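Every chain is named by a letter (A, B, C, D and E) in the order it is written, and numbering of its residues begins at 1.
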Amino acid sequence: MTAAPHLTPAPTGPARPLVMEARGLVKRYGHVTAINGADFELRPGEIMAVIGDNGAGKSSLIKALSGAVVPDEGQIFLDGQPISIRSPIEARRHGIETVYQDLAVAPAMTIAENLFLGREILKPGPLARTFRILDKKRMLEEAVRYMQDLQFAIKSMSQPVETLSGGQRQGVAVARSAAFARHVVIMDEPTAALGVRESNMVLDLIRKVRDKGLPVILISHNMPHVFEIADRVHVHRMGRRAALLDPRRISMADTVSVMTGAIKPEELSADVLAH
Amino acid sequence: MTAAPHLTPAPTGPARPLVMEARGLVKRYGHVTAINGADFELRPGEIMAVIGDNGAGKSSLIKALSGAVVPDEGQIFLDGQPISIRSPIEARRHGIETVYQDLAVAPAMTIAENLFLGREILKPGPLARTFRILDKKRMLEEAVRYMQDLQFAIKSMSQPVETLSGGQRQGVAVARSAAFARHVVIMDEPTAALGVRESNMVLDLIRKVRDKGLPVILISHNMPHVFEIADRVHVHRMGRRAALLDPRRISMADTVSVMTGAIKPEELSADVLAH
Amino acid sequence: MTQTPTATPPARRGPQLPSLTTLGPLIALLLACIFFATQSDRFLTSQTLALVLKQISYVGVLAIGQTLVILTAGIDLSCGVIMALGGMVITKLAAEQGLPPVLAVLAGLAITTALGAVNGLLISRLRLPPFIATLGMYGIVFAATQIYSNAQTVSNLPPALNFLGSGFALGSATFSYGSVLMLLLFGVAWFFLTQTAPGRHVYALGNNPEAARLTGILTTRVLIGVYATAGLLYGVAALILVGRVGAGDPNAGQTENLESITAAVLGGTSLFGGRGNVLGTLLGAMIVGVFRVGLTLAGVNSVYQVLVTGILIILAVATDQLSRRKA
Amino acid sequence: MTQTPTATPPARRGPQLPSLTTLGPLIALLLACIFFATQSDRFLTSQTLALVLKQISYVGVLAIGQTLVILTAGIDLSCGVIMALGGMVITKLAAEQGLPPVLAVLAGLAITTALGAVNGLLISRLRLPPFIATLGMYGIVFAATQIYSNAQTVSNLPPALNFLGSGFALGSATFSYGSVLMLLLFGVAWFFLTQTAPGRHVYALGNNPEAARLTGILTTRVLIGVYATAGLLYGVAALILVGRVGAGDPNAGQTENLESITAAVLGGTSLFGGRGNVLGTLLGAMIVGVFRVGLTLAGVNSVYQVLVTGILIILAVATDQLSRRKA
Amino acid sequence: ALAQGQPVIGLITKTDTNPFFVKMKEGAQTEATRLGAKLLTGAGKADGDNAGQVTAIENMVAAGAKTILITPSDSKAIVPAIAKARAAGVMVIALDSPTEPASAVDGLFATNNYQAGVLIGQWAKKAMGGKKAVIATIDLFPGQPVGIARHNGFLAGYGMSGVSAGTAGQVNAGVACAQDSFGDQAKGQTAMENCLQKNPDINLVYTINEPAAAGAYQALKAAGKEKSVLIVSVDGGCAGVRNVEAGVIGATSQQYPLKMAAMGVAAGVNYAKTGKKVSGYTDTGVNLITNKPESGVKSQNGKYGLANCWGK
């Protein structure tokens, strides 16, 4: 087991309070137990990568954290307070924004509309506020700005999302979450369908979000991305957390071995574990 | 421009006939021109990677090659013969199997049913053939075999596909195409949602298909995968082929530069081009 | 560093395994039966069962066709009037033109099948929304029936045409051959939909038409086949209706489109296609039939029957939904 | 190494940009007008326009509500009978209980809105399929109307209630205030659906309910709001109907559910939700109205009117589809 | 296309489907052809569709009809629309059933549905002799005025107390089982089956029309009770009268749609030629048709019925 030299002090220490924590989450679907007593933690300003085999339960875990699914058991804490997130709206009230793996876009609606779905920009003035009249012009302008930040070459923001390519569609979902988060950003495989350049832009975006002080949960199967950007790595296996690793101290190969079960977490030397 | 040393003779030479060729394909959607005079060629037994930015028109190109979309202009040749593939059924009759980026699965149907959709295993006997009675038992067994080959840990093949994780769903689509191809296999980002282990299994699968003598068209954003497996690399840019590269002679960084337009194809030295 | 975890009460929401789709309607049917049994001591008898089966026989057969159509994400508003036209063709040819009953029946079935196929063509080739295509067809076939029959009922049928209206005694109840035929057709439809390749293609087409097309299913052919088969079934329903009524009735079938859709949806078939079960449709048709007989036996006044049926339909499906959430 | 490429003929198939959704219905409407103008020289007059607008006024308003509902991937079978009950409440209170017309109208609107909200509750909270919830409601409200009115028409209305039936002359034609109100409501609905946040949420909900939920749209609230607003519109339709007929009619509204759905679907709204346009619904309603007036002016016998209307509906939408494929 | 100068007469029936109205249209067409008039026809979509009839009136006025014949679906609700048509100089004649008030139209050529019910009620009372009647009524559809008039007329004729021509709503007191049939044979059969299951002792069946009667008979036959149960009906269509002859129906009240229509068309042509309108009520009559006459109830036999029946 090779450990990378300890280059910098860990940016987060055990003394700092956790932004988000989950304990003993369980979610069953009929016979399938998608989350099987999972724990999770997230420190302020960190990028926490969640990795694991297909079907390990990563998406289920973050769905529980973002209110998309209500766990059968377990408890979630936000800033140390126990909370129950029983719907996506509640998660949004807490400032949690999520990119879902299946994107959650309305295909017949335009890119601009999808970007601002549920948080439309309204025209100024009391009348416009009362009737919630859209400021379509500003929404279009902002949409152009967001998508240009990610360097997507999309002709028109008033194109329906269903006419976009797979990667462009993912770009829309990513731009949306980054634009509106106030507390935590959760991204479920945000670069899966993206090209090399676009992926790099999204990684940059994630760094920028972190630099604003918001912690990011990043699910990814792309190990180079994970090792490039993550502060800590949560390895998910069979519905629960198998290990919490420090990517600066463990090699990619070992990480994959833990993920696939070739190395048991107990066999790891303590210094590659994150704390 | 660094070129990798020429290790082995190119497995395919210009003398061998092309399995598939396309010339001057055009497909317009309203103002958007998704395919803009694209050429394409595929030699027997080769793995041809197609790479390009998001929205470059890769998926549109392979949709035209697989009959999912009928191009507005241009001509397609199969084994040197001009053909017109006006529907997916015709493509299938020609032995072309495709994994589409958006997977094309029926979510409410089971994994086994999706694997065999359109080519169900029927019970033996003339009566069963006439009424096309399904051999559900055999279909289940075969499904288990296919999915185990890919090392997916899926409990039951009679689970509806909508209950699968994103990666598991992609696994179903990949297994389907590999199992039934007789002439050409086309895969549009088959590993996008897959984990490390599962991706490797799919790459193995692609090699096995190639070793059976079938050529494979692989669209991927994952450069390491492309460089690991491809015989030639078709770089797609703005709706057409920008260059045809030899991955054994060109570096990954240069390839990405060509893809993003940082290097013009004309600027490339002739020896990194594939022929 | 962390608080003591307190367990949240188990909450059951979000997507569930769509298992046991016929369980809900079954529970609703049983509850309805129990309810009516307390309202009338004449309810829990084999006669009631025979009566319900007899009364739903032709709507039941229509509902089989309707279920096939709905599974493809379609809808058929023309089913009832196609049945009516089929009935008129059969009875007029047999009773007025003096054709042998078998030939008259074949002619009737041929016409209803052809009309179904036209629906299928309009929907698959011209890509009309099924609602519009079959609504247009409703008007055309309805008017054609009136014109063809001059709005006159045909009676004095040859005895052969009454066969499906007759039946056999089982205990104290007489089960009609028409209801037996209906049950048989439900069995065949179930077998077709679950055990054969074309049956699964119907589901795939309704579940994800684009995926069905891309996997090489001949979607046009499946659609035309489904609508033509539905047309054939409407012809059989016409035959059952003729046998039951003993006459050719040009005014039949005007409300049966809604009734057959109701049976399918009550039975758990989704109007968005690709999800459902033809046995659920049988249960759905039986629920409506049981309501009708039960409310009459309970002596409920006709306006109040409409009222109570409305309430019961809502309750039945609400039970279904709640039982699913528990499952 | 390669053959000379021969160009394939341009083929236009596969998914297209869903633009100009109202163009198709518009073309169909124009074609119908041209056709009828050749059939009767009385057709192309402002009177005909006034007549068509007057005749579609209440169904048009129902169809606005129906369009809202269909955009959420729902369907409302109870719209017509809710309108009938609203009309009875208004006329009975005003003409028999002697309430001031304004109060009677408010009471009627309150009841129809409440019934709409109940639909919304059943669909969003109990998760009943809209077809079932509103079918049950149909029975309940229909029976309630009969019981409440004792099946008696209310006439001798206070003049204020006839206001929407009266109108103003413009050239040689008299346009009713009811049709002006309808046009106004179409405008408001268009503004709501395209220019306000809640309007876009209606589309999002119908287009991808799960995405709407995940982006934090209060789907339950939107659904209840849509059905309640639809209920309010049914109340307004009742008011227009009362003004037009000059009486409270307990048997009104029994076929208007199909008519309002037809207007929406003819106008290009998808029954699967999330796609459509309320101005298309206006065109759809006008197409039906033009057929009816035009066929009468052309002297077509009533049974043949049904036949021809069926054919024309199919032709209208087929034109629409073909024009889209060309586009 | 309409020829110039030809009198245009509109006929609006309740529906297109009821054979009664289909015959009425035929009668009108024959007379119109004979007198050289142009006949426009229209109908509601279903029984009770008042709005559809209002629309038809407007369209016929727009099409230039100078006389409109209408069988009102709703006797009161149609009145304002008729008033508008009359204000535009159109003569409006009600056929089959009156408007309320009767003065809303220029004239009425009609039969009395309540009276038709009374006749079969009286006859049934006599025909039952001293036997205690257990009555099932196979009705039209909730809230239909014709259905209510015939039903209540039957009960009044049978001697039920508290029922009169002015009674609002359908009276079900003293009825063992009341079911709706929509005037449809299949639904009539279903209704009768359910009534028999509810009360097997039913021995007198009133039906809204003869198709419903045929359906009821079918159900009774299946139960082996066709001999012991008496069916009475209303309409007097040829099929119905033949069923009277065959003993399926005990008695039926015959009405005369052809006559009404022909009289209406003639009046319309006359109005177009002379400008003279009709006025008042012309009863086109009701006759009880039975082959088992009872004393004290005036009736005609099946031969008369067949000679005067409508349909075929």
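We take it that contacts are C-beta pairs under 8 Å (C-beta built on N, C-alpha and C of every residue); 3 or more make two chains touch, one makes a residue touch a chain.
Computed from a predicted structure; not experimentally measured.
**Student:** Relative to chain C, which chain's C-alpha centre is the most remote?
**Tutor:** It is A whose centre lies farthest from that of chain C.
**Student:** By how many degrees does chain A turn when fitted onto chain B using C-alpha atoms, rounded in steps of 5?
**Tutor:** 180
**Student:** Counting C-beta pairs in contact, does D-E beat A-D or the other way around?
**Tutor:** Counting C-beta pairs in contact for D-E and A-D gives the edge to D-E.
**Student:** Would you mind pulling out the distance in Å between where the CA atoms of chain B average out and where those of chain C do?
**Tutor:** Computed value for the inter-centroid distance: 44 Å.
**Student:** What whole-Å value do you get for the distance between chain B and chain D if each is reduced to the mean of its CA atoms?
**Tutor:** 48
**Student:** Could you work out how far the Cα centre of chain C sits from that of chain D, in whole Å?
**Tutor:** Between these chains, centre-to-centre, one finds 28 Å.
**Student:** Could you check chain D for residues that touch two or more other chains and list them?
**Tutor:** 15, 17, 142-143, 146, 303, 306
**Student:** Could you check chain B for residues that touch two or more other chains and list them?
**Tutor:** 29, 68, 163
**Student:** Got the chain E residues that touch at least 2 other chains?
**Tutor:** Chain E, residues with two or more chain partners: 16, 142-143.
**Student:** Okay, in this complex, where on chain D does chain A touch?
**Tutor:** 15, 17-18, 195-198, 200-201, 203-204, 207-208, 210-218, 274-275
**Student:** Along chain E, where are the residues that touch chain C in the complex?
**Tutor:** 16-19, 22, 139, 142-143, 172, 177-180, 182-186, 189-190, 193-195, 197-198, 211, 214-215, 218, 222, 239, 311-312
**Student:** Provide the residue numbers of chain E that touch chain D in the complex, in ascending order.
**Tutor:** Within the complex, chain E contacts chain D at residues 1-2, 13, 16, 25, 38, 40-43, 45-46, 48-51, 54-56, 58-60, 62-64, 73-77, 79-81, 83, 100, 142-145, 148, 168-170.
**Student:** Per the contact definition, I'd like the list of chain B residues that touch chain A in the complex.
**Tutor:** So the residues of chain B touching chain A come out as 29, 31-32, 52-56, 59, 101-102, 152-155, 159, 163-168, 171, 189, 192-199, 221-224, 256, 259-260.
**Student:** Sort out for me which residues of chain D touch chain C in the complex.
**Tutor:** Interface residues on chain D, with respect to chain C: 73, 75, 77, 122, 126-129, 131-133, 135-144, 146-147, 258, 261-262, 265-266, 270-272, 303-304, 306-307, 309-314, 317-318, 321-322.
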